[in-house]
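Have a look at these structures, which come just after this line.
Next come two complexes, and both contain chain A; in the first it sits with chain B, in the second with chain C.
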Partner chain A sequence: MAEETLLTDDFLRQLIHVGEVDILVGLRTHNNAKTIEPVIRAIQAGILKCFPRERSVIVNADGGSLDRTQELIVGASIDDVWSVSKVYALRTLHSISTRYAGSPEPGTALRTILAAADLLRAKACVVISPDSTTIEPDWLQRLIRPVYHDNFDLVCPIYSRQKFEGVLMQNLLYPMTRAIYGHRVREPYASEFAISGRLATDFLTRETWNDERTRIGAEICLTIAAITGNYRVCQSFLGPKAQPDRSASDLVAVMRRTVGALFTSLDSNFPLWSTIAGSQPVPTLGSQSEVMLEPVRVNRKRIREMFAIGVAELEPVLRSILSASTLSELQRIATLEVSEFNYPPDLWGKTVFEFAASYHKSVISRDHIVQALVPLYRGRTLTLLLENRDGSGEEIERKLESLCGDFERLKPYLLEVWADRK
Partner chain B sequence: MSLKRQAGWYKDAIIYQVHVRSFSDSNGDGIGDFQGLAHKLDYMQELGVTAIWLMPFSPSPLRDDGYDISDYRSVHPSYGTLEDFRAFLSGAHDRGIRVIIEMVANHTSDQHPWFLESRASRDNPKRDWYVWSDTDTRYGGTRIIFLDTEMSNWAWDPISKSYYWHRFFSHQPDLNYDNPTVRDEMWNVMKFWLELGVDGFRLDAVPYLIEREGTSCENLPETHDVIRELRKKVDDQFPGAMLLAEANQWPADLRPYFGNEDEFHMAFHFPLMPRMFMGLRLEDRKPITEILQQTPEIPASCQWCLFLRNHDELTLEMVTDMERDYMYDIYARDKAMRLNLGIRRRLAPLLDNDRRRIELMNGMLMSLPGTPIIYYGDEIGMGDNIYLGDRNGVRTPMQWSGGWNGGFSTADPESLYSPPMLNPVYGYQAVNVASQKRSEHSLLSWMKHIIRIRRSSPVFGSGSIEFLYPANHRVLAYVRQLGKETVLVVNNLSSAAQAVELDLRRYRGNILIEMFGGNVFPRIGDLPYFLTIGPYQFYWFRLRRI
Partner chain C sequence: MREIIITELTQAFQDLARGFAHYLPRLIVMLIIAFIGWVIAYLLKLLARSILRLTKFSKLSENAGATQLLNQAALPSSTELLSRFVFWVAWVGFILLGVSVLGIVALQEYIAQFFLFLPRLFVAMVILFFGLLAATFFSRAALLAAVNMNFRSSRLLSISIRIIISIFALSMVFEVLGVAKETMLIAFGAVFGAVMLSLAIAFGIGGKDVAREFLERRLVTGRKEDKEDELSPL
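Moving on, here comes the complex of A and B:
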């Protein structure tokens, strides 16, 4: 059920005009005028081309854009699609937009979209990132079709990535989600995904929206809710994904939103995940993950420094989070030069699990715990860069699989520290 | 009594399309006839129609349900005599009902004496009355209309050893309108019937009268010359008589057929009809508003003819491939329902016999700009028989009662021209005039009611139209206006109740009076006018400033 206060009267009026739909395409924007036009055009073309008979709507939840984002979305005409793609619209395709209350926050935006999907009884709801400038109309089909025609409840994307893109996903989110919940979902925290109406309604009605950590990490919580709720999950290959420009300072916020939410999910789901061993593949439509091997310029020395400074300066904090042996090993690694630097996967797995256990026990502020993980994550990233500098796509995949294996093997250790730590 | 031919009578008409053969059999031979039809004139008067369009009734081998004429100046013996026709015509006029007949001008039967003479030898004086060729390659750019049966527009004549041109079935050779003698003779045919008193003609297949190499042989300027010549003769000698074009074309291509009020008075709006069905099923006004936006203005004295169903298949020639696929999937899942590029079904089965949808479609038919045509039997919700060949499934006997042969004929059922509908849903025991006359709430009674309301205001026949575009796309709303009279029409195309806000500020101060029940609705103010409207419901409001 949509919460009364979530939807403004004006937005409600717009929804009444739209009426029941089969497909709802959700956008979460905040000052995206620079990129939104091609995204909207691709969405419209995708709907008209692949789902011409379905009742569809584009719903934008905006966080208070000061550029013309909202106007560009609402004003996008399907006649423009005809002139570019020669796709003819059988029926009306609405584009509506609302400014949700509060500060810009993807979780609140998602909640608004889910509420709209619930009210309009959408059979499939797909969320597209407003800065996905590499989007093709076919993405709509690849995301929606499994829900609409094959009764899947959650479709996560798989992208072709540059080998050093999506490092947080490869180093932490994927291996840990896989080890904890036993499902091999490559992008558990996705900016594009599709869900069924029933999962949307279920997720919308959960109490967890009141928890800030869950709300800001709603995407990963959604994936976990689908897995733990026995919903049918699959993955769909979309192709290349443009990496939005992010400054280094964003990393803390991103870690809070993703790792924090993942750690938080462990509390309530303990009875479930504690009994899971190993992992199962999930159905994957289209190609498997592809790695593109274009050279990337990275300042390795700077990353090593950030790791070493973090380990040194955060020693008191780390001492309260990590076991003595883990901390000691990290301190040793912090002394290594770039040429010798190596943060091995099993140590990384132990580190993450000890952080998760400490997070569970709230040994210090939970935000500080996640923040303290940031320099260590940088250290692990440096190892990844060094290991894979000349690696082929297959080699990178093999190493990722090995890392995931380490996380799965270390899961009994997580259970141990989860129970034993003070 | 002769009904005076009054200029523009067709603009406010309600036309009822009837096949003599299918309506009522007076002599018990299993085939409807003019005496039977005349007996049913009171029914048509009671229904409220103001004109009858008769399908072909001239002598014919009946290989295309009479559209293959072998004598233009007589009545097929199965339907009676010329005297019977006169009596019927007089009876109709006595009741204020006008009569429109078919003028199958493009082609004759291959059994017509003209064609028999023409094919007899290459030097026969009537040789040039038809289009002959030594090869079958001329006019190569011309499409084939009856794709399911014809491979070419040329047919080989073994007698004169040459090819003759036919746009329809090969047993229907096209007349040669480049020949002035043919044009004169066809005018003489029209004059014959006009002198008898008919009020107008539906000219069959008009775009195809003339052929020219390197063209599509459709809508050619020379075809318009032929039509203008006929129209002038009609206006000069029989003022008030009406010419209706059957030209299955896009609206922009149809516009020239009205000329400068010197060609046709009326033309069928073919592309609108499938889009009404599409809009209903999509629950979206887009297909309807789009085609009407593309419909050009026509001269003041001219009029569109609107219809939901007729004796032919629901034609899907004037839609895109995607729309055609959609229509087939939605309305003709069973391939037996499809014929050529269309769907051979009646109104009620197309709409799943859903009374609300039948009413809504008729409501739009009666309120959109044009003269509505009701196909016989659709006013009681007759069904179809897709197991009969060609388009015969929608031409079954009219169902008058639950008795013998549905009251159509006293003949043995086996001897009827077509098996009557017998199934438990649409059979004559379930669907018939007699039982529906007994109920105030029957479809027939409702049809009488809506026709009466439509006739109560000239705004529907002659008024302008302005579409409102409320944000709710499931609602089709428009304002019809003529002089000081304004009517607001609001249609809910959806199976669910809808809320809609209409921008009626320019009518501020008016109150709305619902035309079916006469109830008063709130006065229009500065705010959007808010209405809730039930599933498939529609409102007609008369605007009044009191």
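Moving on, here comes the complex of A and C:
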């Protein structure tokens, strides 16, 4: 088995000490000491409150934290939670931690957690982000219950978000996954999710882990594996998503993890997705997504400038990726001022599909193709900002639905350029 | 007197006939070698073309920027050019092999030199190809990174990287070929040194205020502004 080489001897000893479990809670960390304590408390409270009879374990896969993250997780006492919740667990709640080999990488951390779940024969495995400062104890119930009691194999989250947060998710990952694989999963790249033991075991044997492009985006590959493997997928509403630290986000790295992995998945799944038309909803527990209308401060002029410079400077690169008509349309948009700027959804869909086809054909280095999409994504972001400046939640939702419809309508175009790039 | 002339003429004709009889079989062997060489070279050309097509060499060449250069020079495609190269090298090799059969002492040395030169020519071509490939790859990588970091002169940076790597590859090619070795080394050193010196002077003396402002903007405020303009993608 792969886990024999993946898991260290010390970690294996810890797992043997824990024994078989019903629920495994996975935490992937790397220098998360600032936020980890409330997350651990919420997890412990959630287990005590909703699953007091189940054998549970918290497994931390750490990428080499230097800020005592591991100590905080292993040392978190459950006594405080008991005194607050007045509920006592009927089983011991173990907390174990391991430092996985290699550089910090969410994909390797996930693999470690899934391998632990496989070894401990966990019926349900839930992964929680260490940055989720808005986590409530109920999140565990909402994620685990569908797997543990209703035989679902993958539970993806739905959050209430600020209207301009999750732009890549709403403008590319969700519409494209939906159009390609025919399932309306709102968060195909989830930071919190639950999976069944059998899906975890199956996913561990996939090729995903051997290719760096898919390994770094294992979350989206997991969603795709569940859909294409005919596993039972559902969504569960959790609540507000924690506001990420904007200064810490590296857009190019995010694009590699998400868009790169999604594009790569198209190669091996072509026989499957090429026959799918339209999309179907997946069972959703709790509310549908909610949009919060808090204002956001962004320099629109600067985003327009970054888009225009990108289109101008990257012209030779874009010429090898895009069709002549799409490129000339982008060049026209790049001349528009902020007040009249508009990157329409159908052109955005065409752009993304032409990028996917060029990625498939490796017209240039695949990593360069993903990087070349970044300035164009900024242009689409600007349109979103301008369109939805005063938009209500319903309007934003309607526009998102329309964008998804455009992606689905353009799928024959993807098949066309896939076969023979225009 | 008359007899002497006749004897000498007869002797000369006999020598000529002997010489001709001596060289004719060798000439025939040379022609046969040249013909067989042509057939083998043609077959090698077909084989090379098939292998290059199977390995999608044209795509690699396109990525390296070699196709663009060839188009601009109105030359055939890289696959065609390389298979022709294989043909000519093989055929010329066979012709020279045939010529060596003639036993002309003066030519032997040149023929030996040609065969010694072939491996170096091949290595030089490989270096040139991979040099162009590296120049295109790294200049494109620099362009993308610079654009995504909102760097103002990204195209200039990219072109500079391409030129530096290309010059470096060319100097290596000339060194391998042994052509104007020292001139190339000096020229490369002079060009590279001049570029670096002018950059140092421009930033260090001529535009120290601009350079300071530029660096502050890029490394301190610029980064912060860029990040703040980034909405959470996930």
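Note that the second predicted complex is superposed on the first by the 415 of 422 C-alpha atoms of A that agree within 3 Å, B and C clash if a C-alpha of one lies under 4 Å from a C-alpha of the other, contacts with A are read in each partner's own complex, and residues count from 1 in each chain.
Criterion: contacts are C-beta pairs under 8 Å (C-beta built on N, C-alpha and C of every residue); 3 or more make two chains touch, one makes a residue touch a chain.
Computed from a predicted structure; not experimentally measured.
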Touching partner for A:Ile16 - first (chain B), second (chain C), both, neither: first
Partner chain(s) touched by A:Leu251 [first = chain B, second = chain C, both, neither]: second
Touching partner for A:Pro345 - first (chain B), second (chain C), both, neither: neither
When both partners are placed on the shared chain, which of chain B and chain C touches more of chain A: C
Which of chain B and chain C A:Phe164 touches, first, second, both or neither: second
Partner chain in contact with A:Pro146 - chain B first, chain C second, else both or neither: neither
Sites on chain A touched by chain B in the complex: 13-14, 16-20, 52-53, 55, 88-92, 94
Of all residues in chain A, those that touch chain C in their complex: 164-169, 189, 191, 243-244, 246-249, 251-252, 254-255, 258, 296-299, 302-303, 305-306, 309-310, 313-314, 317, 362-365, 368, 371-372, 374-375, 381, 385
For the chain C and chain A complex, residues of the former touching the latter: 59, 63, 137, 140-141, 143-148, 150, 154-155, 224-225, 227-234
Footprint of chain A on chain B - complex, ascending: 278, 282-287, 320, 322-323, 326, 470-474, 494, 496, 498-499, 501
